[in-house]
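Listed after this line are the structures, all set down as structure tokens.
First chain A sits with chain B, and in the next complex the same chain sits with chain C.
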Partner chain A sequence: MSNPAGALESQRKTMSSAPQIRRKRRTRLADLRRMFRNRLFRLGMMILVPIFCAAVFAPMLTSYDPVQLDTSSKLSAMSWKHPFGTDEYGRDLFARVIYGSRISLRVSALSCVLTAVFGVLLGALAGYYKPCDGLISRVMDGLMNFPGIILGIMVIAALGQSEANVILSMTIMYTPRIVRVVRASVLEVKTFDFVDAARVVGISELRILTSHILPHIIAPLTVQITFGFAWGVLVESGLSFLGLGTPPPAPSWGNIISDGREFIRTAPWLMVFPGLMISAAVMGLNLIGDGLRDILDPRLRNTARRIGTALG
Partner chain B sequence: MWTYVVRRLIAFVPTAFIAITLIFILTRLAPGNPVWALIGDQSVPAEKIDEVVKELGLDRPIWLQYVTWLPKALTGDLGYSLFYRKPVLEVILDRFPITLTIAGFSTILTILLALPIGILSAIRQNSITDNLSMVFSTVWISLPSFWLGFLFIIVFSVFLRWFPSSGYRELSFGAWPWFSRLVLPVLALSLAHIALLVRMTRSSMLEVLGNEYIVAARAKGLTEVKVLYKHALRNAFISIITVIGLIFALSLGGSVIIESVFAIPGLGQLVTTAALRRDYPIIEGGILYLTFISLAVNLLVDVSYTLINPKITYE
Partner chain C sequence: MAGQPGTRQAGPDRVLDVRGLRTSFFTEAGVVKAVDGVDLWVNRGEILGVVGESGCGKSMMARSILRLIPPPGRIVAGEILLEGQDILALSESQLRRIRGDAVGMVFQEPMTSLNPVYTVGNQVSEVLLAHRAGIRRRERADRVVELFRLVGIPSPEQRVTNYPHHLSGGMRQRLMIAMALACGDPRLLIADEPTTALDVTIQAQILELFQRLQADIHMSVMLITHDLGVIAETANRVAVMYAGSIVEYANIDRLFENPSHPYTRGLLRSLPQRGRDARKGLLYTIPGIVPNLLDLRPGCKFVDRCPYAAEEICLGSEPTLECVEPDHWVRCRRVADIRE
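Moving on, here comes the complex of A and B:
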């Protein structure tokens, strides 16, 4: 009993651990069921899951190689052999579009993961430790002042064109938004009584932050990251379209459209299909985000948070 | 009110300073030096490279480069473009009016269309109008603007031949040549922003309409028009105008892509081609210029708060 506070904590733990675990599991399942009861979430999933499956199972859906040239069938229109037609080098567009979804989705998914990591780290630091707040918030505001994808263009111009740099530039562009959300939530949760109670009991500051405050920001974070994913698909396609994204010949939705622009009069399908895929993926993700927001964070319903997704 | 304006202007200084510093840092993230990128695959003697490096001051420590660069950038001396063989500021000023025209028209169109639709959806919540506008805005917000631009070209210039598919003409060539080349890019740029503003207008109107003073105003026997325009709209405007400032910034940024679609020689296209060529002075200058314009517009938006609501002061 040399450390009453610690003992009290462990006592509290043993007292509450069993029922807590059981309750947690039940709420998880209930959460999932509740999500699927939401109209927007369901609709979003119905759009996104097929696209996601197409990306994962791409080799099973087509026998064509997305970068294989075939000079005998240049710019052929839609047919049974080539459901989406072929491009100027005779590459099968269907194959390019579904293999392209791999790159487009991977790039934005990875940048979302990085954004979440940096966003939570910096946002929690800024919200919880006052001394860090000034610098972090200033720099994040500074980054948010660059209009549109200009920040991304600048980073890629400096670092050179590669998939990794596209991911990095998108992370730099979206992290400030996550930092803002996390910081605001941490600032709010920090004032709650249970935080003071935890402190009185003698729990370390780091633990208060990680196991008492951070769980409360998961809801707004999930919503923001989902919108970030949608935004990422748009931005990745925009950068690739400008020739600053994933370098060719690897297909990404944006650079397929960019390749097709010369043939807009003769072979419009070259840009119609990849564009439809981008729109569908973005819409699916936006709907899922809307649904998650309604379920997880009803307070956010009437505030500005759709802004990030309109950047494309 | 004037103290608010002055204090807001003072707060602008550190923001601008951080933005300008970030531009310096980010454009110099590059490993190696930009001269290599400039040369590309050509074979150039090593002494010549050293000479250029020295001439551009790239051999000096980074902080020293910053200290000499900052006052120059602030006074408008943005350097010299090796590609255009002209001072950067001159190149930018040539292009900027075009980008401003597009972003400006796009913002105006967005406001003119989105505000009435948003207000109408809020007044008639859950009506057919409301549901339709919500469905459309969900769809529009997900379409990439550059793809929309190409669809417009296919429909309106290839098939219908209503508008030219690309390029830009000065107003001095006549009103129609100028206007007809702006219609499609402005439309493609605006649609997503219209969707965004419709949603924002609707939700902030709904929020305001739920307040007790609206009930009170109605109970007092005011006409519905008076309740809406004098009591509701004015209060909803605070959050709406923030989004309008943001939409101008989005239009400036979005014009980067749209200019590329319609081959419009604006500032956005300048920055994009400079990024592909690694023409650093142009990238730096162009981005600095765009960012400052967007900052200035947001400053104006902040100041306009006080005109709408005199209660707002600088906290």
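Moving on, here comes the complex of A and C:
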């Protein structure tokens, strides 16, 4: 290059400050702090973290056994002894609700993991390899057209009532949505110039897919999975309410509500507390999902912030 | 007549020899012949300029050479010989070995041609990993720094850990060139409008880099552009493309001294010039637009826009590429009248 020596020297000076810039690169902790600056994400976490902690530390929060009958205190109202009251068998509702959150959250979480695995696999295949697209997309469209609960009833009727089958049916229900999101993102990313640029230097197709395309779909995938989690909590409760989910006497939010509905006039707490927990968990997860979407998609972030300030 | 370029025997000095290349897109509206019978070659160590307006098929021609045609496009006929080896006969894995090793390609948009999630050093060393199995990590890192230096990236040791967004367009284009050269023995670099997205001073630096690489490592370059100024500065020979075919193919001096196809003449007249017309604020334009490639009538494709067109001569069948003087071919039946 025909740069004059002076210009070259000054260029070198600016370049030598680069390592400092690199040292300032964001750490994981700073990433987390940045996420907590988002109001929706923060609110969602504030709701969800206590629920999670309650589920994890359930035995420390209550001395009652959720399935222990106590005929001496049937349907007793809220008191210091039984903060949420008791049900018709005298079981402590507080214990049932927090032990129930273990089951509800575990079932949704496991089905989310399975959904993510199958969703990414099928979605990437459909988006990247045109010949697979027709078959995968049509099957997924077909599954999506089944009302979720009906599909769940079908699977459980065929395979029997168990936690594993609930997870399986929820995975079948939600996978098509993930497939759609992944497929759409792959279709978009595969037209980017850097994909061609990788192909032109002899990178194999599989490597292009796994290391050049998939990293770009993590953002929409994370958001979708979070919403899937919220949806999972709701569906698990729905199935349990219908008596298709977690088999009694094990508590789950859905079957506690179901058991309590006979006593709605005399002991409304039986439906109110698990209902509140479902709403809180679903709302928390949805807020986190919204927050993540704003954080991960910079194009939307600014609009969201503008709307946020406009609202006060 | 010395015949058409494609019918000549391949000399040992030819790196690339393209014969009768046809690439078509099978769309719902019909078959679009994007590349319609292209014959050209690139000699060892030379820069071949390919010039033409947008949509004339020059990019598709270049992509055909590495079989990078997106569906519904397909190469329907022709031969592409890279040092005597027919690229169209290779399997996918053989082709992959050539891409990025013997032949590199640089695209128009340096801003989007690098993956934003990896450091630039990683992306260059990925090419090495793909072609040189078992190369040591240390060796790879050294080679990357060496490549950065070769393409003129300042303080390469620091740059390797940067992400693409840290670098300017010119630096990114240098990186793309580094990726194309990564394996150390590139025979041909296909540069598809490499400077279109860059400003003029950077453009000059990149063109200088091409010339330096051509001289230093005896690499051939196929430089695709719509800018005759770039061609005049850089190329040894020129192919002028129009509507999927080469209409004029000549040594650089012959082309600029004696442009013989009406289209080339139109292009040259369209360059802004100081003088009488400029003062009047007029810039010459070739009348009309590129013909719709979906329904071409038989005959010369330029006939509707040509000041020399004569129905009875120019229509009917497409003229062939004829040699008008050594190292100068023209696809026009009225070339004798025009050259007078």
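Some points to look at:
Note that in this section the second predicted complex is superposed on the first by the 266 of 312 C-alpha atoms of A that agree within 3 Å, B and C clash if a C-alpha of one lies under 4 Å from a C-alpha of the other, contacts with A are read in each partner's own complex, and residues count from 1 in each chain.
The definition used in the following text is that a contact is a pair of C-beta atoms (placed from the backbone, for glycine too) under 8 Å apart; a residue touches a chain by one contact, two chains touch by 3 or more.
It should be emphasised that the depicted structure is a prediction, and the values quoted were computed from it without experimental measurement.
When the two complexes are overlaid on their common chain A, residue A:203 makes contact with chain C while staying clear of chain B. Contact with chain C, but none with chain B, is seen for A:216 once the two complexes are overlaid on the shared chain. When the shared chain is aligned, no partner comes close enough to touch A:184: not chain B, not chain C. By the touch criterion stated above, A:149 is placed in contact with chain B alone, chain C being left untouched.
Contact with chain C, but none with chain B, is seen for A:193 once the two complexes are overlaid on the shared chain.
Of the two partner chains, chain B is the only one that A:243 touches; chain C does not reach it. More residues of chain A are in touch with B than with the other of chain B and chain C. By the touch criterion stated above, A:53 is placed in contact with neither chain B nor chain C.
Touched by chain B in one complex and by chain C in the other is not one residue of chain A.
Across the interface of their complex, chain A is touched by residues 66, 68, 71, 96-101, 104-105, 107, 109, 112-117, 126-127, 130-131, 152, 154-155, 158-159, 161-162, 176, 179-180, 182, 205, 208 of chain C. Those residues of chain B that touch chain A in the shared complex are 14-15, 18-19, 21-23, 26-31, 138-139, 141-147, 150-151, 153-154, 158, 165, 192-193, 195-196, 199-200, 203-204, 206-207, 239, 242-243, 246, 249-250, 252-254, 256-257, 260-261, 271-272, 274-276, 278, 280, 283, 287, 290-291, 294-295.
Residues 138-139, 141-143, 145-151, 153-160, 230, 234, 237-238, 241-244, 257, 261, 264-265, 268, 271-272, 275, 278-280, 282-283, 286-287, 290, 301-304, 306-307, 309-312 of chain A are the ones touching chain B in the complex. Within the complex formed with chain C, the residues of chain A that make contact are 1, 8, 11-12, 15-16, 18-19, 22, 130, 192-194, 196-204, 207, 212, 215-216.
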